[in-house]
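Next up is a structure, given as structure tokens.
By written order: A, B, C and D. Residues from 1 in each chain.
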Amino acid sequence: MKKFINHADDFLEQSLSGLQSAHPELLQVHKDPFFVTRKNINPHKVQIISGGGSGHEPLHTGFIGHGMLDIACPGHIFTSPTPDQMIAAIDYCQPKNGVLMIVKNYSGDVMNFEMASEMIDTKNATILTNDDAAVINSSYTEGKRGVAGTLIVEKVVGSLAESGASLEECQQFGLHANNLCSSIGVALTSCTIPAAGKPTFDIENDQIEFGVGIHGEPGRRREAIREANLIVSDMVEAIFQDFRERDVKIGGNSEFLVVVNGFGATPLSELYLIFNSVTNILNEKQLNIGRSLVGNFTTALDMAGASVTLCLLDDAIRKHWDSSVYTPSLRWGI
Amino acid sequence: MLIRMSNPISFSSFISPTLQAISIHENEIESLDRAIGDGDHFINLKRGVTAIQSITHELDSLPNSQQAKSIGMKLLSSVGGASGPLFASFFLEFSKHYNDENSTLENFCQAFTEGVDAIKRRGKSDVGEKTMLDVLVPVAELIKLASLNKLDIIELSQQVITKSIECAESTKSMLPTKGRSTGLGDRAIGHMDPGAKSCQVIICEICNQIISRG
Amino acid sequence: MKKFINHADDFLEQSLSGLQSAHPELLQVHKDPFFVTRKNINPHKVQIISGGGSGHEPLHTGFIGHGMLDIACPGHIFTSPTPDQMIAAIDYCQPKNGVLMIVKNYSGDVMNFEMASEMIDTKNATILTNDDAAVINSSYTEGKRGVAGTLIVEKVVGSLAESGASLEECQQFGLHANNLCSSIGVALTSCTIPAAGKPTFDIENDQIEFGVGIHGEPGRRREAIREANLIVSDMVEAIFQDFRERDVKIGGNSEFLVVVNGFGATPLSELYLIFNSVTNILNEKQLNIGRSLVGNFTTALDMAGASVTLCLLDDAIRKHWDSSVYTPSLRWGI
Amino acid sequence: MLIRMSNPISFSSFISPTLQAISIHENEIESLDRAIGDGDHFINLKRGVTAIQSITHELDSLPNSQQAKSIGMKLLSSVGGASGPLFASFFLEFSKHYNDENSTLENFCQAFTEGVDAIKRRGKSDVGEKTMLDVLVPVAELIKLASLNKLDIIELSQQVITKSIECAESTKSMLPTKGRSTGLGDRAIGHMDPGAKSCQVIICEICNQIISRG
């Protein structure tokens, strides 16, 4: 394992310190316990809090700021944050109109946020994001995982909250957006957790993991690498399958927000190539791309691979996606 | 966590041996979670036990029920992941039911069972789902039976060791339905659940301590 | 080699098509020969053209748009573009007030741009960027390489050109900015050129290449990996050494723009950790960080590693750095 | 590029053999540029020669001077990198000095030397800097001498083969001062220059063609 690191133990702290010094005008990093808030807190708006294991940067700390998150609680690498982090953060922000927790659907995250939710006095509500089409929802799973669609939810709910909407309105809108998102990822290589020091999984030189999770969890199948167009075609198919199963209606005029997200070690040029494949496939189906985002937004440390997310656009989602945002890693209109 | 009825051993005396025991199994636990999870279970656990170890002195002066509560809170704020709130829920619930004044095997057994039930509630899960519960639930049942039969504590400890090893082993053939390995489906078969393994290691160590302390 | 790719031969074309579909409002990709222009061309401002081998994305195609570049000519991967690309692009844009070529100082880029410059009728001038401190300038080298400092030059000159400055003014300002930049890179792993299919260099599991170039060219030395703080300290030292040798005066009140740039496979969290080291080192020297940028901006395909660039800020550079920019990969104020 | 004075061979007849020859040396050329450059020299070269091959038919109908010009333009727009403008400059300059009407060895030799000088000017470089010039300049000198001594073309070709191999070899011990390997300094010593190697391969192939065509 080769990384820019001093000791595995202080990695998170030092990385957060760097985030702080790079964005002093935007955010404030707090330590012991770790949480990150906006530099200028507005306790009168619904506070949007997210968090989860670290290693997915810029998710979530890189999305703090006007039009998106108020608080992020980073856990250790790939490990959910603990309730005391959420409690301390909420205590610091003193929300007057409630707290909305945006939580990726992983047992750890769910349980830790749940315990925080039970332990605070502030009115709160939760959105569990579960856009990963890879793991099929059935009586044998506890539901799908939350992946790159989460940032779409954070963006559009963040925008709505900025406009002064209530906790219930924000929660409803977030659930609605989450429902219209579907994602699937493919890994070419494993990631390596600094504290573990070795790759999370072994993968042959000519194999890919189709449907991989953002922690390097196994997906649907291990298969031989093929031309990008063929891989992407399977990815888009899996997403449409998911939409069909969940009765999300796609019609001739459907317009999508397409996110091509790198897992960390995949060059931007390859992400654009993937985006090109997606464009061609959607064009063939006579579906439209209304908005797009290509880059590393929900990563898995140094994993090579990428995910595709489609979010069906309606007027509200389009409007709140387009609204101005000013965070370390998403910025427009300001 | 098994204690002698007459002269209760302070829970805190098990902390260092526990840390040693899990450290011995570092590779095994870590590679199990790498195989069917995200690879961090050992690190999470070690962070938790180390955090508890750092407050051993404080714990020493507390009655066992209060120790369990402090241990629960420490685990809650140090472990994270799925196992953190689960382990924490166990100890927090245990502490509510443990009676320092009347530390009988019956009472211990009831507190233990309540703790395990808290895990079930928090995890919305039960036996057969390839989790730590596949060790904890059978062990709870075994000691309940033993407390009814008034079994000797040494004898019981030996039975618990056998049971927990057998139960951890049994998770190999199970299909996961809770936690991160659910995505694996069939591919998880053949791998023991990391949480089941770590619970087994801790339980065995405590039993061995009880046996060797006589 | 595992990459999202169809065939090595059509990689560039498909990746550029993806760039086009992702940013239709910003830019126009032209093929045969390849060049990328702004969507809305303003022939009355000085046209800022850059280019070079592909594989450094987002440099340069990701920096086309208001406040930065007008044209980028992408070559094959790590191979300079050919003069016909520059000639066709300039012909397409019909500049009325000259063309400024921003060229990274590599023999290939220099010679190809030089030939284009000789073959066009339009008034033109060139800035060779050479901010890489790794290769020491002496009678035995043909000068230092141009690396991540190039994007600073492109940003500030782009801003000046937007304000209506003349070709000479733009060139002067660009040379000035280039002079105040110094960079150094470190590689943890090699990159792999798709067409070659194997890593450009071999590197042991416990070694780093100190002073690596953005094509995986060797740097100053191969050495054992150490704590990030120690590596970064050597990097900053090399930069100050370079400033001293070039008589760039650093004083107690000096303020820097610091760019921590990932080479492609290094997670953002590590880049922030590097930024934290730089912050601590500069603080100790009682030097100030006035502006910063952390992310993947001048990459080397899938190389793990990072570079640090310091640019000494003066009022003009600060102003033109801060001015609004709207490109695929740098955007603020709009 | 060496031609018989009496009955000039069309340059285009060397294209396919050249492509074959460099392909045979793919691994060697590629790994040299990986060792002291950026690994693309073979790819660049192959792209160029393939582009020329695709216009063989057009070339066939042109006199050699015009062929050289078309080859130069094609190389300019297809190779890129450092070697593209250098190779292109050679052919563009060569074409200006080559006299189709009077294709003597003297004229060929002058055109060749002018081409090599164009590379020097474009690359701001000269012999001894670990580049293609370390093969091209000595070869130019050798044929100049041969043209003065009225050497037989077959004999000359054999001498050129020996010379170019020796000269490519000689770049191993040189310190690079031009091109991407300059950063390497001492570490480049021991590696042949990729551009010198590819020039040697092409020159040898052309000479072998001349010898075998008799």
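One rule holds in what follows: a residue touches a chain if its C-beta (ideal position, glycine included) is under 8 Å from a C-beta of that chain, and two chains touch if they have at least 3 such contacts.
Predicted model only: the values in this text are computed from it and were never measured.
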item: Co-neighbours of chain D and chain C - touch as defined; value: none
item: Common touching chains of chain D and chain B; value: none
item: Cα-centroid distance, chain B relative to chain C, in whole angstrom; value: 55
item: Chain A and chain C: spacing of chain centres that average the CA atoms, whole Å; value: 29
item: Whole-Å separation of chain centres (CA-atom averages), chain A against chain B; value: 33
item: For chain B, residues contacting two or more additional chains; value: none
item: Multi-chain contact sites of chain C, meaning residues that touch two or more partners; value: none
item: Overall pattern in which the protein chains touch one another (line/ring/star/complete/other); value: line
item: Chain B residues within the chain A interface of the complex; value: 30, 34, 36-40, 43-44, 47, 76-86, 88, 122-124, 175, 177-185, 187
item: Contact set on chain A toward chain C in their complex; value: 2-7, 11-12, 14-19, 21-22, 54-55, 57-58, 62, 188-189, 205-206, 208, 225, 227-229, 231-232, 264-277, 279, 289, 292, 294-296, 299, 301-302, 304, 306, 329, 331-334
item: Complex contacts: residues of chain A adjacent to chain B; value: 33, 53, 75-84, 106-108, 111-112, 114-115, 134-135, 139-142, 145, 193, 195-196, 198, 200-201, 211, 213, 215-219
